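The structures considered in this document are given below.
Each of the two complexes below includes chain A, the first together with chain B, the second together with chain C.
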Partner chain A sequence: MESANSIAATLRLQITATEKRLASLKQQLADIEEKSAENVSVSPEVPVTQKTKWPLSAEEYKRYGRQMIVPNAGLKGQLRLKSASVLIIGAGGLGCPSSAYLAGAGVGTIGIVDGDTVEISNLHRQILHNTSTVGLKKVDSVISYLKNLNPNATYIPYDIHLTPQNAEEIVSNYDLVLDCTDHPTSRYLISDACVLLSKPLVSASALRTDGQLIVLNSPPLPVGNPEGGPCYRCVFPKPPPAASVVSCGDGGIIGPVVGVMGVLQALEAIKLIVSGKLKGDGEPVASSMLLFSANGNPQFRSLRMRARSPKCAACSENAELTLKNLPEMDYAFFCGLTAPVNILEAEERIEAKEYEKLSKGTKQHLLLDVRDKVQFDICNLEGSINVPFSTFQGGRPLSQEGEQPSWLPESFAPDSPIYVVCRLGNDSQVVTRKLKESGLGTREIKDIRGGLKSWKEQVDDSWPEY
Partner chain B sequence: MAAENTIPVIVEFTGGLEMLFSDERKHKLSVPTKDDQGKAVNIGWLVEYLCDKVMKDTRKEMFVLDGHVRPGILVLINDADWELEGEASYALQPNDNILFVSTLHGG
Partner chain C sequence: MSTAESEAGVNGQKSFTILYWGPATSYTLKEKETLLAHLPISTARLFEMLEEKYAGIKSKVLESCMVTVNFKYVDVSDSASTELVINKGDEVAIIPPVSSG
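Let's look at the complex of A and B:
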C-alpha cells in the first residue's frame, strides 16, 4: 500500500509538471501567432526569414559548437552538413544509431526507408524505438525520436521497402546513402541504384558478435570509370548460397555490436560530407573494409580491398545495368529463394497436439530437438534430447556402418518411434528425411509440424517463445 | 617432417566460418613447402588442405563450392584482398596470415 501511495504521489507530481509545460507551450504559440499577425499588419516590408550577418542561427552555433571547434570540421563543415541530404535504408539496429548521430550532427535532410513495424524483439538493439512504440511503423517511431533530438532538420519517411521500381525515385533525391538493411537482395539493389545515380554508399552489417563496414562507390565516378570506388558487386560478384545467409532473428545479435557498426556508418558519412568528397573531388582513397569482432584480438581490423572490377556487372564499362532496366531486375531470383521447407508427405508429419496426446501414453519414444544447444538450454520439452541440426548436415553418414548413432539411447527399442522438433519446423523436416534414409527407417520417424511455435499455439501457451 | 620442409602460416576465420573449424578463430599451421607434384604450395592448395586436414565439420559446401571458395567469403592475405595478390595462385610465404571472412547480412 505504501508503494502504491508513493507511485500515486509521483504521478501527481508528473501530471502537475506536464500541465505547466503544456501551459508554457500554449503561451509560446500564442505569442508567436500574435507577433506574426502584427508583422503582417503593421510592418509588411519585413521579410519572413530575417537575414542576419551570421550563416547559422544562434541556437545552431550553440548546438553544434562542440563539433565545429574540431579541426577539419569548422563552420564550413557545419554548413556542408546542413545542406547535405542522407538516405538511411533500414530503421533497425544499424539505422537507429546512424540516424541519431546524423540528426544530432545537423545533417539538413534525412530520409528513412523501412516498411516494418516495431516489435518487442527489436528493442535490445534498435535504440530509437521503445516499449510504447511497439506496433508503430518503424519510420514513424524513428522520426518522432529524431524530431525531439533535433527539430532543425527535415525528416522524410518512406514507410515501404526499397524496390527496383521505386529505387530511382527515392535514391535520386539524396547526396549519400547508408545501407542499414539485413539481406543480400536489398544490399545488391541499393548498390546498383547508387552506382547508376552516382551516390556514395556506406554499407554495414552485423551478426552475433561480428560486424563489417565498407564505403562503396566512393568516389562515385560514372559507370565505366575505373578510378571510381568499387561497388558491392565488385567485392561480391556472386551472391552467397541462400542457405548460408543467416539473419539476426535466426543467428542472434548482441545489441552493442550492431550499435558500433551503425555509429561507424554515421562517422563515415560525416567524414565524407564535411570533407566535401560527396561528389568524388579530391584525392582518391584506397578502398578498405573494417572488421569488428567483439571477441577478436584486436577487435578492429582494417583490410585493404580491391578497386573497381573491370568485369563488374554494375559499374564497369561492360555493365549492362541501366536506370531503364533496373525496375526489371529480380533480386530475389538472383540471390536464390528461401521458401519454407516442405519436403515431407503428410503421413511423415504429426501435429503438436497429437504428439502431446501420444507422449502421455506408455509407449517408449524419442523426442529429438535439433535446435542449437544454446537455444535448447533456454527452454526445452521434458524428456527431449538435443542433437543440433549442424550434426546432420554435410555428406557424411550418421554413424559407422552397422552401428547406431551415438545419441540414440542403448536401451531404445528398434521399433520405438522417433519424433523430430525444432523452432519453426523447417530443419526438423530435413532431419526427418535424413533419418529415414539412413537405416533407422523401419520404425516410425515423424516431424512435428510447425515446430515449437505450433507447440505453443496448440498445447502450452506458457512456452517461452524467444 | 623436417622444419625446413614446412612453412609456418596463420589461418584465421571470422564472420561465422570459425564454426566450421572447431569454433577456433586462429589456427597456427605448419604446412609442407611443396605439393604432391613438387610445386610450391599456394592459396588454392591451402583451401583444399584446410578442407581435408583441418575442418572437422561435415558441411564442406559452406566453405568450398564447385572447387572454389564459396561466394560470400573473402580471402585476405596479410590483411589485403587476395585479388590484389594473385588470388588462388598466390604462393604461401613463411608467417603469412590468411584470413577467411564470411560476409554478414544482418542489420
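Let's look at the complex of A and C:
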C-alpha cells in the first residue's frame, strides 16, 4: 500500500511539473502568435539583461557558478561562451549529448541541423528525444529539451540536411562546428565548408563499441597556410568503399559509446571557446585523434596527427576547392553510390512466400542464414543454420580442397537445394553468388529476395523486426 | 618465440605488432597480431603482406585507412608509401574512418 502511495505521490509531482511545462509552451505559442498577428518578424528570445554594473545577470552567476570557479574558465571564459555561436550538425546520438552540455554551459547561440524525425529505435542513445516525441522533427524535439534546460540561449533550428548548396549560408553564421552526422558524404562536406569558411570543426563518430574524436582545422588558418590544423581530407584523403560503410542501423551501437563521444565533443568545444582559440590565436596545439574502444585495454588511445597535407584537395595551396564551386561538388559520387545489391538473375532468387510453401514440402533442403550470430540468436527461422557473412569474406576458401564446407550436414544429398537469407537481402546475394561459383554441385542455390524483411511482409507478421 | 629467437630474428626476419582497430577487424577477425619481415619495411610493403594474408583487404579496407606507427600518423600516399617507416618492435595500427554516429 505504501509503495502505491509513493507511486501516486510521484505521479502527482510529475503531473504538476508537466502542467507547468505545458503552460510555458502555451505562453511561448501565444507570444509568437501575437507577434505574427502584429506582423512583426519574430526575433530570437534573448533575455534582457538589466543594465547593472555586473556583466552577467544574477541568475547567470548562480547557473554557471560551478564551472566559472574552475581555474582557466572564470568570468572571462563564461563571457566567451555567452558570445559564442556553435553549429551542431546532426541531432542524433552525438548531437543530443553535445548540445545538452553546450546549452547547459551557457553557449549563447546554438544552431541545430537535422532533416530527420524521431524514431523509437533512436531512443536508446539519442537521449534528448523521448517516447512522446517519436514522429516529431528531431530539431524540434532537441530544441524543446534545450529550452527547458537553459532558456537563456538562442536556439536556431534547421530542419533540413546540410547540402553543398546550403552549407555556406548556414555554416558562415557560426564560430565553431560540431560534426555529429552519420555518413562519409556529410563528413567531407562539413570539413570542406569549415576549411573554406575558416571554422574549427570538432568531429566525432561511433559504431558498435568504438569511437573516434578529432579536432580539425584548428587553428582555422586560411587555405594554403601549412600552419593551420589538418582537415578531414588530410587525415582520410580517400573515402572508404561505399559497400564497406556500416551505419549504426546495420552495425549496431551501444548507447553510452556514442554518448561518451558526444560528451567529449562538447568538452573540446568548451575548451576551444573558453581558451579564446576559436580564431587560432595563442599557442598552437599539436593535433591528435582520440580513439575509444569500450572493450580495449586501455579504452582510450591518443594518436599524434599529421600537419596539413601539402597535397590536400581542400586546405593546401594546390586545392581547387572554392566557395564558388562548393555547390557543384558531388559528394555522393566522390564517396561512391550505394545502390541496393542486385547481382543475381531472376531465376537465382525466390520470393519469401514461395520459399515458405516449398519448406512445408517433404523435399530435403537447407536454409542458410548469413546474418551475424548475435542477430541470428535474437530470432531465426525454424531449421535454419547460421553461417555469418564474415565467414565468406577475406578470400578464405569455403572448405579444404575436395571436402564439403563444415557447416553442410553430412547427410545432405548432393542435389538438395540451398536457400540463403539475411536481414534485408543484400549479403545473401553475395553469398549465393559465392556458393554457386565454389562448386557446391549442380544443386539449386537461391537467394530469398528481400530477406527476413520480406518474410515479415509476406509470411509472418509476428516476426520481430529489430 | 623465445627471447633469443626474437633478438636474432627468424631467417633474418624480425617482428613488429599490428593492431586492427574497430571495423578493420571484420576482415582480419582479430584485433592484434605479430608479423615477421625483413625490417625495416615501407607501408607499401606492409599492404602487400596483408593482401597476401587477407585477400581483398587492400582495396576494401587499407586504402582508405589511417596508419600509425607507435601512435604517430604516417603518410601512406603514393610518394610517401615507400619510406621505410616500420622497424623492429614497432606497433603499427590500422585505423579505418568511422563515419556513423
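Quick notes on this one:
Going forward, the second predicted complex is superposed on the first by the 410 of 466 C-alpha atoms of A that agree within 3 Å, B and C clash if a C-alpha of one lies under 4 Å from a C-alpha of the other, contacts with A are read in each partner's own complex, and residues count from 1 in each chain.
As a working rule, contacts are C-beta pairs under 8 Å (C-beta built on N, C-alpha and C of every residue); 3 or more make two chains touch, one makes a residue touch a chain.
For clarity, every value in this text was computed on a predicted model and none was experimentally measured.
Upon superposition of the two complexes on chain A, a steric clash is found between chain B and chain C. In the overlay built on the shared chain, the residue A:P464 is in contact with neither chain B nor chain C. In the superposed model, A:P71 makes contact with neither chain B nor chain C. Residue contacts after overlaying the shared chain place A:P298 against neither chain B nor chain C.
When both complexes are aligned on chain A by C-alpha atoms, chain A residues 90, 92-94, 180-184, 187, 204-208, 210-212, 235-241, 244-248, 251, 253, 258, 261, 289, 291, 293, 301-306, 390, 393-395 touch chain B in the first and chain C in the second. Here chain C touches chain A in the complex through residues 21-23, 26-29, 54-57, 59-61, 63-64, 66, 68, 71-73, 75, 77, 93, 95-101, going by the rule given at the top. For chain A in complex with chain C, the residues that touch the partner chain are 90, 92-94, 180-184, 187, 204-208, 210-212, 235-241, 243-248, 251, 253, 258, 261-262, 289, 291, 293, 301-306, 309, 311, 390, 393-395. Interface residues of chain B facing chain A in the complex, by the touch rule stated above, are 14-16, 19, 25, 57-62, 65, 70-74, 76, 79-81, 83-84, 99, 101-107. Those residues of chain A that touch chain B in the complex are listed here as 90, 92-95, 179-184, 187, 204-208, 210-212, 235-241, 244-248, 251, 253, 258, 261, 289, 291, 293, 295-296, 301-306, 390, 393-396.
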